[in-house]
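Pasting in a structure now, in structure tokens, and then I'll have a few things to ask.
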Amino acid sequence: MIPGWLLLVAATGVVVGMFSAFRAPRYWLGALLGGALAALTAAIWILGSGSIWDWRSSFPLGGEPIHLRLDALGAFFLALLAVLGGVGGVYAREYWNDRQHPTSAPWGRIWWNALLLNMALVLLCANGLHFLIAWELFAVSGYFLITLERHRREVRAAGWLYFAASHAGTLCLFAFFASLAARTGSWEFGPLREHPNLAPLFWLALAGFGLKAGLFPLHIWLPSAHASAPSHVSAILSGVAIKMGIYGLMRFTGWLPVPDAAGWVVAVLGVVSAVLGVAFALGQHDLKRLLAYHSVENIGIILIGLGFAMVATAHGNAAWAQLAFAGGLLHVWNHGLFKALLFLGAGSVLHATGTREMSRLGGLWHAMPWTAGLFTLGAVAISGLPPLNGFVSEWLVYLGLFDAMAARGAAAWAVIPAVVLLGVTGALALACFVKVCGIVFLGTPRTESATRAHESGWLMLGPMAVLGTACAAIGLAPVLFWPAVARASAVWQPLWIDAAPPASLVTVGAGHLALATLGALAAVAVWHRVKRNGVSRTVTWDCGYAAPTPRMQYTAGSFSGIITGWFGWILRPQRHWRPLQGLFPRRASFSEHTPETVLEQVVEPAGSVVLRISTAVRRLQHGRLQAYILYLLIGLAALALLTLLGGAR
Amino acid sequence: MKELALILIPLAASGAAFAWPSERTRPWLLPAVGAVHVVLALTLLVTPPPLVPGAWFGFDPLARATLPAVSLLFLVCAAYAVAYLKLRSERRNRVFVAALLAMLGLLSLAMQSQHLGLLWVAAEAATLTTVPLLHFNGTARAFEATWKYLLIGGTGIALSLLGSFCLGYASLHGGGAGDLTFAALAAQGAALTRPWLLAAWVLLLTGYGTKMGLAPMHTWKPDAYGEAPAIVGAVLAGGMTTMAFVAVLRVKQVLDAAGAGEMTSRTLLVLGLFSMIVAALFLLGTPDFKRMLAYSSVEHMGILAVGAALGGAGMAAALFHVWNNSLTKGALFLSAGNLRRAAGGRTVNEVAGMAWRAPMSSRILVVGLLAITACPPFGPFFSELRIVRTALETSHGTAAALFLGCLLLAFFGMTRLVFAIVDGRPRTATRATGDHLRETAGTIVPPLVFLGCSLWLGLATPSLLRETWNVAASLLAPAP
Amino acid sequence: MGLNLLALGSSRLPSVIRAAAVQGMVLGVLPLLMETKFHWMVGLVSVGTVVVKGFVIPGLLRRALRAASIDREVEPLLGFIPSLLLGAGATIGAVALGNALPLRPEHANLLLVPGAFATVVSGFLLLMGRAKAIAQVCGYLILENGIYLFGLLLITTTPLVVEAGILLDLTVAVFVIGIIVDRIQREFDTLDTRKLNTLRE
Amino acid sequence: MTIALDMLLRLFVWLLLAPLMPGIVNKVKAWVAGRRGPPVLQLYYDLAKLWRKGVVLSTAVSPVHIAGPAVAWIALLGAAMLLPVGPGGAVMAFRGDALLFVYLLALARFCTAAAALDTGSAFEGMGAAREVSYAILSEAAILTALLTLALQSESVSLSTMLAPAAGAGAALLAAGLFTVLLAENCRVPFDDPNTHLELTMIHEVMVLDHSGPPLAVILHGASLKLLLFAVLLAEAVLPLGKLSALAAVGTLMGSVLVIAVGVGLVESLLARFAFRRVPMFLTTAFLLCLFALLVAWKGGGA
């Protein structure tokens, strides 16, 4: 029962916070942090004890008795939500302060709480109707958070795109839950593996939750929304909100039977999302858009784990399924942590320089060392490099896949491309983040605004530090977090109750620890040596060129040029340039832009077709009465025809 | 005799209003009568009177399931009307008030009438009373709208008269004693002559469908709603259409009794889906936010038709949706009226940035928009979800898919338009708001009340109402 | 029947109005002829009909016509010959329909049903085929006449209250329409409905 | 205690032997060219000198410039510790260490590239870009090779994966890995360690602005990497697991020597490729490994 009280405390904290959002932001923050802490404790309690908190009330809401339920899987996501909600709130106090945003800051606080509350409810509701309510409210509050700067046109456009896409997803879920209710006779849901007639519903769930999760062809809303939202909002959207889609998929693939093809489809979608997501990211020059595309990539990695786990369970619970699933699940946490860290870092950069355009930044390390350091930490983590958390989860997925191949099971053939492409994804991500760190923080400032950059205050750095520590913790001592993962995956597949940590997990942790310490030591040692030998400062070697300018540094576009060239078939980068001409060329220009291919090549044409139809139809309303009466008669005739046909039948 | 009072009090009050001397105090008649009406309706809802067999009108389950909604709608609109008429003091309100009250009385008569002819008479009379309401603004556009409303509506109503005659003749030819109460007709059942019956259904459906505003007979709607004052729009969209829907249901009941249920359901389903599709297509493109409301109303009439066609739980959901539609639409119309006055324009080209000019109304409009587009936790979400569920239970998969698709398109269209109007960059060209365009409690509270009702209907539907709908549904569409 | 065709065929508004008026009067008298025993209400109804349909409304329309002081051409959107042909076709079809539908023996030989349908159709033709508001009003009149004609089938059975109500409504409806026509004429200085299409998408 | 001792011993061996490789390669090149060439131990002298020399730092650089090479060096060392040395096995062998091995190399790449970008020089940016871009293909190739070995040994631990012979696909695997070796260590035909035309280089151009101890660390790291790949290649192909300890060590050293000589020969006989042909060549390496994998699949399946 204790988790229930904790959750109650959390809810009251968040709700009370709403009321003080306008008058007393300080109390808002306090209440929020208290609530987040309580929620986190509750989640840890559930994860630690593996028990299930189940609470029914006779009080009907919308005609259905309230039924809340928190099991390990829900708690797993709840923990992430609580952490990011708390740190995001702290960050917002400085980043979106009332001085710079007098009108939108209080609303931002209110919607922030609403978002957290509703996401938590999504995790708690065990009734389809209430799930839908929480789901849509969460989407709505997300919309209002994204469009806090509603006076800017691109923000409005991005917000609308997000809202439209999420509503489309919600309608898929309408259909999903409605047919679930129609076939089971009740809105309640729970483990229903023994109803084979529910299998086809999986496709509806995939569409609905996939739109939220932003897996590849359905990701169209994601980049612009995450780019235009305030950074703490981007952080929670990318860290938790899109994970709600993953939660839905894991929840219902675990509870409902799925068609045989499901696992394969999910796995393929995962691979595609991973590779293309990072490929698109490489083409971006906008820092936050780039990070947004990496969300697509990481969702892909998670789905690879989930997909192969599903394949395995479809073919008799191969043991390796658990590793793949655990890897995917742990990656949910990891991606949440380091992506939030990166977005907060990007926000700090935006706050300091006023631009997200990477080719206008550079050399920020000197001005804002803490931000730069923490951002780089996050970059190493997201590139899946040891000794940080990103590697651990990807490593688990790899192990699962390798075992699958060694087992020469049904999935073996599919594993080979999956492994190779996963590796390629990792290498691409590495390239991408070398580019980001190099272009944004290293080198010399490219513009005036970058020169005038300043370090953010501790209210912004503190949250980033917390997230960085969490990333390091999972990386250095993964075995501590294994029980949570194991319990959560046991919810998905009850056969995995006694899941001892794979022995090598300990060793990896030890290796990471050694690597980290030795690396630090080595760096210090070399630095001391350098000091002892004496340092002389000069300009970067410029090949004897007379007047080098910062503009001559390698730009983001040129850095990723080779790779974007390889992916030109889908990225379709658009280059506009005026080459040098004549003896005394006046000026030359070069600009590159990578469009959102799916949106601009697929969705927009389709939309324009619909609009054309609508315009054609609207012409019928031309204001001539005679014609209207004719319509009336036509309607009459049509009905008569219909009736007579029925009479004949 | 409360049910009679429901009819007579408003009519008497309308007469009084006509004679009332003071322009300033006359509008107060509206909320007064509305309050009485609501009280009566609710008492009747709680303690339904026994039905007199063979009576020409009575508070039967169907009336019980729908009339209180209209009464509630009228009360809130009446409260708004007081503030509104104060703002529009430059125009005489004698006819306006009188006609509004008369319409209430005739609506309650039509929705209670158990007699084919009486139903028609009341419906036609109610139609006529709306004419002075429509051209209250007295602009040329208003007269044009009225003209179209009158001729199209008149033609429709004429067709329904022809239909009524056909039905009457069917019973006559089937050996009926010429008793045209629905009970008697239903009792006659299969004895009704088939060809006349079918003709009657087609004509009546077209006729009352025109009043409901089902496509393709909806053409009068955008003009009328676009030009009439907000209150009139609300009462038309929530009251008149509901009345027409009730009429269709009563006729359907007879047809079902005559064993033509399968046919009526199919026609209703097709007509409803067609209306939804047409409405969705119009919503995608229309630049005028008052006409948008009209098309949205067309869409919701389609939803009602689909629900009714599905029968059983679908019918109950449709009756539920009657309430949701009336009350939520009310909020939309009233807030849109405020914006219209504050902005001095109606199309997205003229109006933008209303969030700064009229913040409260803008917020209400946005929330109402979310409510009407089936965003939880407002009422429409629940009723529409139930309709979808019923469609899936009765294996109307395609219908459900079309239904959801239309909802999505409508959502796209409406959100685009409304967000552009509310959040868009304010035009400097638009006229500065005079102080008589300020947001006053009188113009803000009523729509808020509507939203409250919608929320309350959704989250905590009174079991009494639920049970009322189920009774009416089981009566209308006995489960096969 | 002939009146319908006349209304369809005539090129000048006054004659259209006249046709409608005469038709109205005939209808007004008909019940008296049909009723075996005279009932005061029937008498009242028919007298009312004759008065309103025969004199009030035509007068109203004529007034509007004068006020509009427009040329008295009908300005068809649908030519006279086609309308005539359609009208004739409708009449034939109506007769066929009248034979197709099952009728009570006592109605079988009456021309009421075909007549009614023919009138309804010609009313629609006028509504759709004419540009002038007044012509459309006449069309509406004729449409309702047709329906009323059909209603006579039931006059023996339907309670007279309903009859009266129906009649009253129809008359009021046409009356209101007349008023609106008058107002429109004042607002727009024209009765040409082709000018009334400012309300559009 | 013994473990610590063993560990130290290994470290000593790796660190000491690594700089031999470039020496041997250069010697071979000199012989082929008919010159006398630098002494085999040349790199040792260079390293010693650099370690004592002062440092010229660009005004643009941040701590990354120093820390990068150091961390990269540690990462490579860690990779070396994971690699079993013939019969000796690895310091720590566990399930999945193969992947850690690959990602440690990636970490090293990240650090060197970041350190290169730190100077803000366009040349070094170019070098870093090439490094990370081509690494994508070579990483795919290595992973495929590992898949092959894993398929044969049904294990994901290097020390068991590398014990048996690569079986039927050995030749293919050897060719593929050798190509990767050339690419990863920036040897001809991918890169030319000798020239100083920045536009034609990958690795050299990245270290353009490094000097003193950091440069020493980088150079030693590079040699370590070369040795690493040589050992990996040798053990992947040869069935060392079947031989007696002494023979195994012998064969290992011999084969590593052979590889070094091979590299030298390639460098002196081949010309450097145009950069646009590099991806193609690396893809070929990847395909070779893939074919090896298929062969292994067949073999295992039969």
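Read from first to last, the chains carry the letters A, B, C and D; within each, the first residue is number 1.
We adopt the following convention: contacts are C-beta pairs under 8 Å (C-beta built on N, C-alpha and C of every residue); 3 or more make two chains touch, one makes a residue touch a chain.
All values derive from a computational prediction rather than experimental measurement.
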Next item on the list: Pick the chain whose C-alpha centre of mass, unweighted, sits closest to the average of all protein C-alpha coordinates shown.
Entry: A
Notebook entry, point to check: Roughly how far is subunit B from subunit D, going centre to centre by Cα mean, in whole Å?
Noted result: 78
Margin query: Based only on mean CA positions, could you tell me how far subunit B sits from subunit C in angstrom?
Written below: 30
Notebook entry, point to check: Using mean CA coordinates as chain centres, what's the subunit C-subunit D distance in Å?
Noted result: 100
Margin query: Nearest whole angstrom, what separates the Cα centre of subunit A from the Cα centre of subunit C?
Written below: 69
Checklist line | Residues of subunit A touching at least two other chains | finding: 618, 621, 623, 625, 629
Next item on the list: At least two other chains touched by the same residue of subunit C: list those residues.
Entry: 124, 127, 136, 193, 196, 198-199, 201
Check: Does the chain-touch network form a line, ring, star, complete graph or other?
Finding: other
Item checked: Parts of subunit C lying in touch with subunit B, wherever the complex brings them together -> 100-104, 120, 124, 127, 133, 136, 140, 143-144, 147, 150-151, 153-154, 156-159, 162, 165-166, 169, 172-173, 176-177, 180-181, 183-184, 187-188, 193, 196, 198-199, 201
Checklist line | For the subunit A and subunit C complex, residues of the former touching the latter | finding: 618-619, 621-627, 629-630, 633
Checklist line | Footprint of subunit A on subunit D - complex, ascending | finding: 51-60, 62-64, 66-67, 69-71, 73-75, 77-78, 92, 94-97, 99-100, 102-104, 106-107, 109-110, 113-114, 117-126, 128-130, 132-133, 135-136, 139-140, 142-144, 147, 150-151, 154-156, 198, 208-209, 212-214, 217, 279, 293, 300-301
Next item on the list: Using the touch definition up top, name the residues of subunit B that touch subunit A in the complex.
Entry: 147-148, 151-152, 155-156, 159, 194, 198-199, 201-203, 205-206, 209-210, 215-217, 219-220, 222-223, 262-263, 266-267, 270-271, 278, 281-282, 284-286, 355, 370, 373, 375-377, 381-382, 385, 388-389, 392-393, 400-401, 404, 407-409, 411-412, 415-416, 419, 423-425, 458-461, 466
Check: Given the complex with subunit B, which residues does subunit A contribute to the contact?
Finding: 60-63, 129, 132-133, 136-137, 140, 147, 150-151, 153, 156, 160, 163-164, 167-168, 171, 174-175, 178-179, 181-182, 610-611, 613-615, 617-618, 621, 623, 625, 628-629, 631-632, 634-636, 639-640, 642-644, 646-647
